[in-house]
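Just passing along the structure, written as structure tokens.
Just so it is clear, A, B, C and D label the chains in written order, and each chain counts residues from 1 on its own.
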């Protein structure tokens, strides 16, 4: 197994995440897709660490930080979804156009 | 944590406590301020007792690496030049805090800034590292800006911004000077004591340039002609207690800087500048006195008299003798005490009458005997009546300068006469003559005001009759300083 | 000997009394505190007499004792060290007599004031001030250190300030107090510089050390002259010599006992005393000596002429004081230390007497104007008698004290320079004239103001007893002190190097004859009820009278100087606020603002147009695009980002 | 050899899970697929010798986040939604973008194709990570903890009942 394999796995996972984020109507679905992208990044980090700097652990540690940030993100995201749902009775992204200037 | 750090940072600790207190609890805020500043003053008493008068070395030294990559240290220490000023700072801050108890608006912020100011001022006198010195120097600036700008008189914003810009401009030049000496010493260092020893490696031209940079920084603070115009304005607009601290301590930072850094570090630059310095001293003395004479506002008059008195300090320094240094150092202490008292007293009458116009009063001595007595005492001390604090120091300044500059000193003696003239005229117009019935509702001093003023008045008399306690603190150091350069 | 050893107490005890009176107890007409002051000064009197006795009975003089006061750094010969400033007492012959004079007059004046100031709202404070004055005056007398002398010198000036302005509710005393302080301060500047010079040269303020320095010839004549002239400046200010005497007549606004004590007997004599104390410097500087002599003579003459036209009883006495001080100065300048100090001593007695008599009169009639008096001799016989004695004494009637001292001075001055003698002789004649004029106008003739005359009465005993004591002294002091050459044996001055004009024996008697003639003239002019002759003379010499009345316009010159100072002050402030502040400070601000404006203009016209143009374009384009692509949907925006990402990824194809 | 098998197995699990997440109509199945996918990633980590990361991935992601999402879905899920389309109309464009990017990334990843897999060591990384976090990365570590705290507070704030 080479680094390329892992990178391609990461790329595939990332692109699936992107696809999901772009297409899912459900906000929770979008959140889940974003989690997929995080994991893709983590795979890349772990792989770089393993193949390029086997003596160090910096990549893994960074991955840990990402996991933490992801956890924070998902918590806040879900709280927001709950709040939105409570107000608008909807979980579909296209129902919200607050960003329209 | 040795005694100097405690003296310096106790007020800052008090400021943090005040920050934590809710702003409705005014009594607690005032108590916290008084206690922290009072503790600092008590420690200064200990400092006075423990200080070894027999050596010119730095004492109570505390040295901790601070920013190792720059070589900046947390380096405190005092010698005979700075220890009286540290004590003066604590004393005058405490007195000013007592006088500030009548502040009615935004008490929390006021005391917070005041205590930060005290920390900055003590730090300037105790710091022996250029970076630390500069930091403390700048720390004094910000609280002063707010204290004048928020609690000041009608033109407070203008006065505050003028004060700020003036001093900031000065300190920018000072920063340039600090960096210049840093990069021109091998090894690079901010250590003041090392820098004081390293003038041998600097050329004359370099010393002159650096001297000018430092001088600009200090001259604004002194304030030396022609950089003095911020002072009357700031004094007039500042609240009473801030005027007290401004005159009593902040001006001394400039003179201290000139004695410690300009003189000690850059002898060639100093000797090059000496003729100009003596001219500035003479101008300060006579011109300041004349300007004071033209005033109708008591506070502005006292402010200009500060310019006059700082001229005495510069004169003493320019004499380059131990006598002149003793005079200048002692004059700093005395001017702090006397002018502090004067500002407090002017503040008292302003609180009651809401005017400071000299010609608005008349015959107040009959109605306010205690006030009139204390005011006369302060005025006579300021005009140099023997037996009161101002005389000895003034005399030593003249004595120190006379050996080198006979004609200049003889000319500047006129300043004494003019000083006497405007103070006596003020006393006559305000306190003597027929009583102006308009002021029949005025009351004499209350307990708070007495608490603030009487200690200063007592010190004025004690130091005037028996100046040994103050002079003995500085003698060894100043003699050492005077012997540095031939 | 113990009296001498504790001589320092002589200054400290009144000082302590002064503070005790000032801070102890409330203002109260029945307060016992004034007696503290009297007791203190009484003790000092006893001590002074003890010292005098010790001196007469042969104690070693001068007696000196020093303590350490404070120390400061000093640089001498490029070598810095810590100098210890001593403070101490130095009792020599002049000091002994000065001590007795000061304590005696103070004591009597304090007793006199018990009655004179009775009922005043600030009775207690008055005594505190008096004690403070006495303390500083005694300090001046005994101090061995010229710096301490100068301190006390200033403090007596300060006491004079607060005592002249004692009735500060009226504006005249307040103004007079300020004028007195500032005028003497003007003279003090010279003294200040002299002190600086002395210390720079000698390195000490101790009088014995300076004397040694001079006597060994280390001090050049030029330096000695400068120093002596500086000291003379101070002395001229305090002792009211020309042209600085203008403050003394105004100082009469103070309470009369104060005038007697400060402005007649003691403080104004301090200048003479100081010159005597530093006599060794003067004798080393011939030019300074001549200046002293001529200044004294000039002052004596000018003041005497002014006294002739004055109608205020106290001002006549004030001018008389100035004139007599001129006598003393002149004597000192003519190498007559003994004569000058002798006159100082006797003058203190009869001038204090005269002032206290004037006070008694004023107390009775409540006016200073002699034109409203007259015929008081019947109402106040004792006052009249004592005034008469004082007048005779000052005029130099033989065998009274003034005769001895004035004779001595005239003789000494003649020996030095006959021209000075002529001036002084004329002055002595004038003295007798105006003093008897005063006597006639006040006590003899008709009562010109019936109302005031009716209310007049003899003063109570606390006022008359001092009068009697001083009158006795005025009669006998001269004879006593001249007895066996007592005064000369204690106060010996240096002898003039040469005596060009030996005094003829008829000298004294000729002056006495002139004095007698002037008394007759005064009787002729002012003895009658209407003074027609005097009025005619006045009309005939109107310009001269006007000149004398305006005090030779010296007051106007003084006011002109003050005005000049004010103008200078206003000019300085104008420069400060309109030039330095406006140009250097606010000017920079204006320049900076102008620069800011210019750059803002540039911004507006050039850069901003471009920016605005770009902005406007993007707004237009954006507006068009927005309706197309921006519908506010999050995923749509995400899509654009993803397109960007894919474009970036596609770039790798071309690598 | 065994590594290769493990890699392909885990990769397959991951990709299948991910595919499920983005395509399944029922959100609850999507969430479960997410769990599966995350577990696969954990396996990849284990295969790379990152033991602590593996444990963290299992504990936090699989055990925490995935479960949280399942709960959220169950809280919000409405059975009526099952008839609705779960994918919007830009799916074609998204697919195109994905394809283009994939080619680009593939070309980029080939740079590393010659790097062989070193012999996996049995080294434990936990200690090293701990030292790193308490040492050089102490400040980021503290910052992250603050972020977590802020997230916690934010979550509580947003989900309060009375919040508008």
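Miscellaneous remarks
We take it that a contact is a pair of C-beta atoms (placed from the backbone, for glycine too) under 8 Å apart; a residue touches a chain by one contact, two chains touch by 3 or more.
None of these values were measured; they are calculated from a predicted model.
For the interfaces B-C and A-C, the C-beta contact count is higher for B-C. Note: centroid distance chain B to chain C, computed from Cα atoms, is 33 Å.
Centres computed as Cα averages put chain A at a distance of 95 Å from chain C. With centres taken as mean Cα positions, chain B sits 63 Å from chain A.
Chain A and chain D have Cα centroids lying 6 Å from one another.
Multi-chain contact residues of chain C (touching two or more other chains) are listed as 635, 639, 642, 645.
Across the assembly, chain A contributes 18, 22-23, 93-94 as residues in contact with two or more other chains. Residue positions 88, 90, 93-94, 97-98, 101-102, 105, 108 of chain D each touch two or more of the other chains. Each chain pair that touches appears in this list: A-C, A-D, B-C, C-D. Across the complex, chain B is touched by residues 69-75, 78-83, 147, 150-152, 154-155, 158, 165, 168-171, 173-175, 177-178, 181-182, 185-186, 189, 192-193, 196-197, 199-200, 562, 565-566, 568-573, 576-577, 580-581, 584-585 of chain C.
Interface residues of chain C facing chain A in the complex, by the touch rule stated above, are 626, 630-635, 637-639, 642, 645.
Against chain C, in their complex, chain A makes its touches with residues 18, 21-23, 30, 93-94, 96-101. Against chain D, in their complex, chain C makes its touches with residues 635-636, 639, 642-643, 645-646, 648-653, 655.
By the touch criterion given at the top, residues 162, 166, 226, 229-230, 287, 290-295, 320-323, 325-327, 330, 363, 365-366, 380, 385-387, 391-392, 395-396, 398-399, 402-403, 409-410, 413-414, 416-418, 420-422, 424-425, 427-428, 431-435, 466-468, 471-472, 474-476, 478-480, 482-483, 486 of chain B touch chain C in their complex.
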